[in-house]
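What follows is a set of structures for review.
Note that chain A is present in both complexes that follow, paired respectively with chain B and with chain C.
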Partner chain A sequence: MKVTIKSWTGVASWRWIANDENCGICRMSFESTCPECALPGDDCPLVWGVCSHCFHMHCIVKWLNLQPLNKQCPMCRQSWKFNIH
Partner chain B sequence: MLRAIGKRDRDIFDEVWPEKRKIVLKLLRQETVSQREWQDLFFGVHFVCLWDEKGAAKIYDGLQQDIVEFIVQAQSKVQAQRGEQALLATYIVEWRKFFTQSNYLPLPFRQLEQSPQVKPASSSGSSSSGVAGSAAASAIAGGASTSNAAAASSSGNQAASSSSSSTKASTSAAAAAATSSSGASSTSAASNSASAASSSKKGITEDSPVRKLMLDSWNKHIFHDIKDRLQESAMKIVHAERNGDAYDAQLVVGVRESYVNLSSNAEDKLEIYREHFEKAYLKATADFYRLKSTEQQQENGVLAYMKYADAKLREEEVRAKRYLEPSSFNILTCRLVKVLIVDHLNSIIAECPALIRDYETDRLNLMFRLMDRVLDGEGVEAMMGDLQRHIKSAGLADMQSASEIITQDSEKYVERLLELFNKFSDLVRNAFNDDPRFLTARDIAFKMVVNDTSVFKMELPTSIANRGVKYTAPESKCPELLANYCDMLLRRTPLSKRLTSEQIDARLRDVLLVLKYVNNKDVFMRYHKVHLTRRLILGTSADSEKEEDIVEWLREVGMPADYVNRLARMFQDIKVRSLHFFILFDLIYSLLQQVSEDLNTQFRNSISRHDAINIKILNAGAWARCSERVSVSLPIELEDYIPDVEEFYKKKHSGRKLQWYHHMSNGTITFVNNFGRYDLDVTTFQMAVLFAWNQRQHDKISYENLRLATELPDPELRRTLWSLVAFPKIKKQILLMEPTAISSPKDFAENTMFYINQEFAIVKNGKSQRRGKLNLIGRLQLSTERSQQEDNQSIVQLRILRTQEAIIKIMKVRKRMNNAALQAELIDILKNMFLPSKKMIKEQLEWLIEHKYMRRDDDDINMFIYVA
Partner chain C sequence: MCDLNALWLDVLKIFPILSGEITSPLETVEDEVFENVYRHLESLGTITTLTSILSLEIESTIRNILVPKFWKHFTPTENETPKVKLDIPVNTAAFSDPNALFFTFIYAIDELYNSYECLELIKPRLLYLNKKPLSASSLENTQKTLHNALLAQLPPSFNNFVGDFYSVHFRLFTKDLTLSVNALDSEVFTDLPCAGCNFDLDQCCCQKLTEMVTATNVKLLKMGLIDRLAGSALTALIKLKIKEHINDTCVGIFDRSHLKQLETWINDVVMTWLTSIFTEWKSKDDISQENIPQSVQSFKVKLTYFMYETFAQNVISQFFSIIIDYPDSSPAIDDLKICMEKIDMRVYLTESLRSSLEARILHPGVNTMDILTGYVAAIKAIRHLDNTGVILEIVTAPIKEYLRKRNDTVRRVVTGLTEEGPTDLSEELAKGEFIKYGKDAGNNEYSNWENWEPDPFGIDPNVLELNNSKVIRSADIISMVVDIYGSKELFMVEYRNLMADRLLSQLDFNSEKEIRNLELLKIRFGESLLHSCEVMLKDVTDSKRINAHIHGDENSDESPLFDISSLIISAQFWPSFNKESLQLPVELENEFKKFTKAYESYKGNRTLNWRTVTGRVNIVIEIGDRVLEMTVPPTQAVIIYHFQNKNEWSLEELSSLIKVPPSALRRRISFWQNHGLIAEIEPGVFGLLEKETEKTQFDDVNITDADEEDLESAMASASDQREEELQVFWSYIVGMLTNLDCMPIDRIHQMLKLFASHSGGVEFTQDELKHFLQRKVREHKLLFSGGVYQLAK
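Entry: the complex of A and B
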């Protein structure tokens, strides 16, 4: 008797790796969406700043647009820079 | 004529009138009047009016005398008749003659209209209307009266000198008038067209004092005396006609016409008609049918009576068109409906349930038409009630009698349900013409059938778990069965293979139709989603387009957007991931081979060599909740891939991590034994269990050791093993156990031994096959046992949240609201998802009050106030 694998379908889901449960701006869970979006996932991604804080992309963009001069992280007041991995 | 100018006023009248009077009498008697005479009359009247100050009054008086005289003669003629028919006939002949003349005689006396002396006699005819009237008249009567006016004005200027032209004009006028006059009188049998003609003529003479004088005199001298007799005779004729004897309908019509035309009240022309003729007609009709209807019903029974009533209603409508003014139609119909239907309402309605039961659509239709005439809708309501009761009881009885089959087989159940639905819809269409009220009644009843819990039910815990109170409220299993049926249609099953694409579409539509009546649509959506997940992961959809169609349809029938969006998202995932997975292959391949050459060749290589592995990466939010991770030790071949895939994914999408759902993953293995070689579709768990024997093929392995080898949690291992030792519907199982007498997975002991069935083979038609393919997955377990309970909990939990959310949503807008209104609005918001129970609403209200989202009014305990 011998058993060999012919094909296999693996199933996985993905989660955000964030340092917090909730977005510091909208207070919604990272796993759900920002208040404007209907579905979580690719359409409502997370972004990280170099200060290591993380928000819904829509939330932080909105926040930055509201800052006239110094674009700062709403959590630590360091100037905001997107952390591109 | 010019001679007369010099004479004194009085003489002018005396001289001119006797001549003219003869013409008037001729006209009244409808004798032939020559053109010249007719023209003379015009001239004579004008002449007198012009030269004699009181001429108009004198003419009026003279005319009155003549008319009265004529009428008195006519009256004696009429009174002389004894028989009713003869009386009517004579009266009508006289009346017609007179009435015709009343349209022509006033023409020559138009001059009188402008005279103030005549005015007192006419109560309503105003002088201004004389001018306006003549202008209007000229418009209506065209050539004839225009030339009249021309004649009048020219004679006013200079009577003789301009006579040549005016004579010509007035000759033509007289000719026109005379021809039409003789035409009308010759056809005084007054067909409808003739009466129409005379009514258009009315415009000319309507306001004429002379005409008024004529009619008033007639009214006073003849009509007043004999109107009761006339009326009575007319009713007798109608009565006889109702009994089937033929009579001259024109007699009745004539009487009615005289009633209408004799009205002296200009505001309300129909006053006399209404007060006498209509009243008498209505009374006669009602009396007649009151007797007849009871008689008919007793003799022929209710069913035949309905036919009778229907026929009579139509007949009377036709008759009314003949004998009555249009304004009376409605009143008559009302009265008839009262006598023919309302008075017999109860006995008719009593037949309704039996008719519905026997599907007597024709008779029901008849009954419906009759009842629909009743104004307050009482009868229709009673019928609706009967229909509703019937559908409910018949539907439930049907379900109960077949409960054995339908609780097991969702296909049968849905088909049965649809059959019932179509049957009742047919009934409503054929018997009630798809009347919206009956459609509503059907819907209500059908809702009851669909949501009924007596045949089968599912139980959901209704309380909030954290309070520790647990009880169940039964709910119909219908939504679950509907979802199962959908699954059968959409998955590759014997059923879906048998049907054409159109048939499947039609059936899916049917499902949605039934779904409309289901209260708890959230249960359907949950099951549908579970089935969909299974189909997508196993790739067993019969038609992926249809899958997406139905998502759209669900949106169309008003399923809550977030449910539907999540389904749409699942498709997107599957589509996007299949792209990803090619790239993945690429990577895995290169990692395995440890080469980094030209990517394209590798890509091709990877397809040919490694199409064995397929990774589905799902969005946690959109797919079924799988919070629980089940550990399992994968076969080495697979275990190696996992870190590679994770590594690759990390590079591809920063900030994300993968979480494996091995209970959902599955694959195909090749199983080789002495007998043959078989491809088996298995779950990853089954795979893990079977791989335990790969190194020691003939060993018996204990349950305990299997658990150590596979690292599966106890319930999952039991279930997996059970699916291998006792898979339904196959002759030879792949695993055998010792002892053999174990009847459920719960009975596996730590030392129960399992071993490979070396004789395993796929058996087809009683013969063992050497090759073959077998699916051991069955229904892919999407959730573990514990998470299934959690799932049921989560439905309840979600309902609670939705209810709270909806309450807050409403209160935020309304600020203040009483209990009843709040509940109504709440149900309206939630009805596309589920029907909140009173108890749940109450609990959630309490919870919200406790947590200070809202409060009760201090004075009124049923009033809620939103607390910001």
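Entry: the complex of A and C
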């Protein structure tokens, strides 16, 4: 007997490759959205800092805007720099 | 002085009643006799004495002789009464018996009338004798005494006689009408007895009977007895006739209005007949509006109301069928509306409708979809009847309550909303578009103020307390249906689950229809509740794009073993999956890894978690000289794939290889057993069947089973999802019990509700909590004794 698979329609769920599950700022899951967005994924992406912490982009930008002087990572208090892959 | 004896004889000559003589008509007495008697009595001064003697005598004669004699005709000595009772309602029965009664009545009335006339004659003589006017009332006295005496000695069965008499009369009267109705089948008609007198046509005596009846009527009228004697019997008879007429003409016909026709019938037939009884017999044309006596007028009012009532009752008793037939049955509802404006039937309506609904649809034998259809029809029909919605609220309460108990209700409603083809609910949903955009709701209320009706009075305030009347008025069918559960949230959750199931089972990345439905639902329920559904649909369209991209990109690689396309979902927004698993063979898994890699390079920083159990595989099986091409779920594909290299597998072996529990695996294998490819060689060991067996003959039968299996939901069952939600509270419960040692369930529930209101508002009932806690007890995390829970040490 020979079985040939012609096509396979599968189901998969996507997730961010990150070292945590929830955004440290809004406490929502990374795969979910920041409080302001409706659609996850492309529309509400994650960003990484050089300190390796990551957040919803909208969350961290908002946070940075609220810091008057030195912009710090909310998790480790190192100065925040975007880690561009 | 004259001879007293001669005088007495003369007096007797004038007033034979003094000797007990009443029956024979009075002989004319010469004036000299009067003169003579008057002169003597005058001289004796006994005229007043004579007058009082006379009136006493008249009275006692009426009371002791006339009336008993009259009633004797009707006392049930002849054992006829029981029969009479039977004959009255069914007056098409054999004519002979009722006929006898009929004649008895006529004879009795005749006799009474004759005697009465005698007595009446006494008065003028007395007057004449007195030569001066007596008091005005004395002439009516005889009549009054007669009435009193008659009524005082009324035998119980008398009404039957009168009723019978008049039913014969009525039949005679309506004979022409009946004839014209039956004219169509006149050939048959010749064999039937005459409709009027039930004799054969050639010896029909209608004419004779009519004359007799008329004569009797006139006599009764003259004695002023019609109202007293015949009134109640007449009313009863006419009511019966009205009922019969309504039953004959209106039952089961809802698609046209009957009221007009009934009113005409009352006027033309019943009232004309009554008038003919109460006035002396005239031909129909002579009776004009003015000379209809007062009693007939009041009769008419009474009877018209009775007709409305009977008709309304008739309609109400069939209201269930009307609901089902709506909108074809709207004329019947309009009729009922008119009736209800005149008579207050609301309580009766609600009671009868409630019980008929309960008897017809609220039992286990009816499937939920049918109940829903009935519910929607009831909403429409009752709305039409009463736009304040109060009746609706009362009547549909039991339906709602019942539907709440059925666990597939939400599913059915959602299916109804989204199903292809015209269902009530999907039509309503589509209507929603116009409602929302067409006119502003608030505006509508004021522009329509002329049609406003106040809330009906006298209803249970509890009904209104729950829903203020404005809400009831404005609620449309969808919200009424959704209202069954009292919350939109539950509905939306179920909608999401169903949509997930549909998307996962179709997997054709075609979501246009779903998007349309979603837009319609959004109009109704607001965006926020349907947010995750929106994300789900976006996942579908995104997946389509990603698939296209990856397929286009892959050309550079070595050609793949097979095409993979994938539905890539945002797990947070989908209902949670059930926990089934499936381990793919290495070579297949590699293909998926390739796909994942392609995805990762396309979407930076993201990767895929495959859910191998769900999906669809298109496979070609070459076995012996057969080639089978089919589309199967992944588990089935993997099973048959493994049989390529090894012809025999034990259940355990295969189970540990593909990580499917043995019981589930056995179920999956049965799919291939049904197709005749695999057989259970010995218990727990399955082998490939290279040759075609007879079993394939049964393919058609068994494939349906397999198809059903395909329909299994990939989603976690609702109760599993629920438990996951409650799991959130577990830490609270542990905290509570640590501090307070032990608590009864209602305290726990109360405390949790407090927390729940803060944390996202997960609603749950005490029953659900109990279920949850009991599970924890089974898992030995809690102890339950004496009605309180405590932590297991």
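Here is the rule we go by: the second predicted complex is superposed on the first by the 83 of 85 C-alpha atoms of A that agree within 3 Å, B and C clash if a C-alpha of one lies under 4 Å from a C-alpha of the other, contacts with A are read in each partner's own complex, and residues count from 1 in each chain.
Here is the rule we go by: a residue touches a chain if its C-beta (ideal position, glycine included) is under 8 Å from a C-beta of that chain, and two chains touch if they have at least 3 such contacts.
Remember, it's a predicted structure, so these values are computed and weren't measured experimentally.
Asker: After lining up the shared chain so the two structures overlap, which partner does A:31 touch, if you call chain B first and chain C second: first, second, both or neither?
Answerer: Touch status of A:31: both partners.
Asker: With the two structures laid over each other on chain A, which partner does A:9 touch: chain B (first), chain C (second), both, or neither?
Answerer: In the superposition, A:9 contacts both chain B and chain C.
Asker: Jot down the residues of chain A that show up as touching in both complexes, chain B in one and chain C in the other.
Answerer: 1-18, 31-32, 38-42, 46, 48, 85
Asker: Show me the residue ranges of chain A that touch chain C in the complex, using the header's touch definition.
Answerer: 1-18, 29, 31-32, 38-42, 46, 48, 85
Asker: Which chain A residues qualify as touching chain B in the complex?
Answerer: 1-18, 31-33, 38-42, 46, 48, 54, 85
Asker: Okay, in this complex, where on chain B does chain A touch?
Answerer: 537-539, 561-562, 565-566, 569, 576, 611-623, 626, 635, 637-638, 641-642, 645, 649, 653-662, 664-674, 679, 684, 687, 690-691, 693-694, 697-698, 756, 758
Asker: Across the complex, what residues on chain C touch chain A?
Answerer: Where chain C meets chain A, its residues are 504, 507, 531, 534-535, 538, 542, 561-574, 588, 591-592, 596, 599-600, 603-612, 614-623, 629, 634, 637, 640-641, 643-644, 677, 688, 690, 714.
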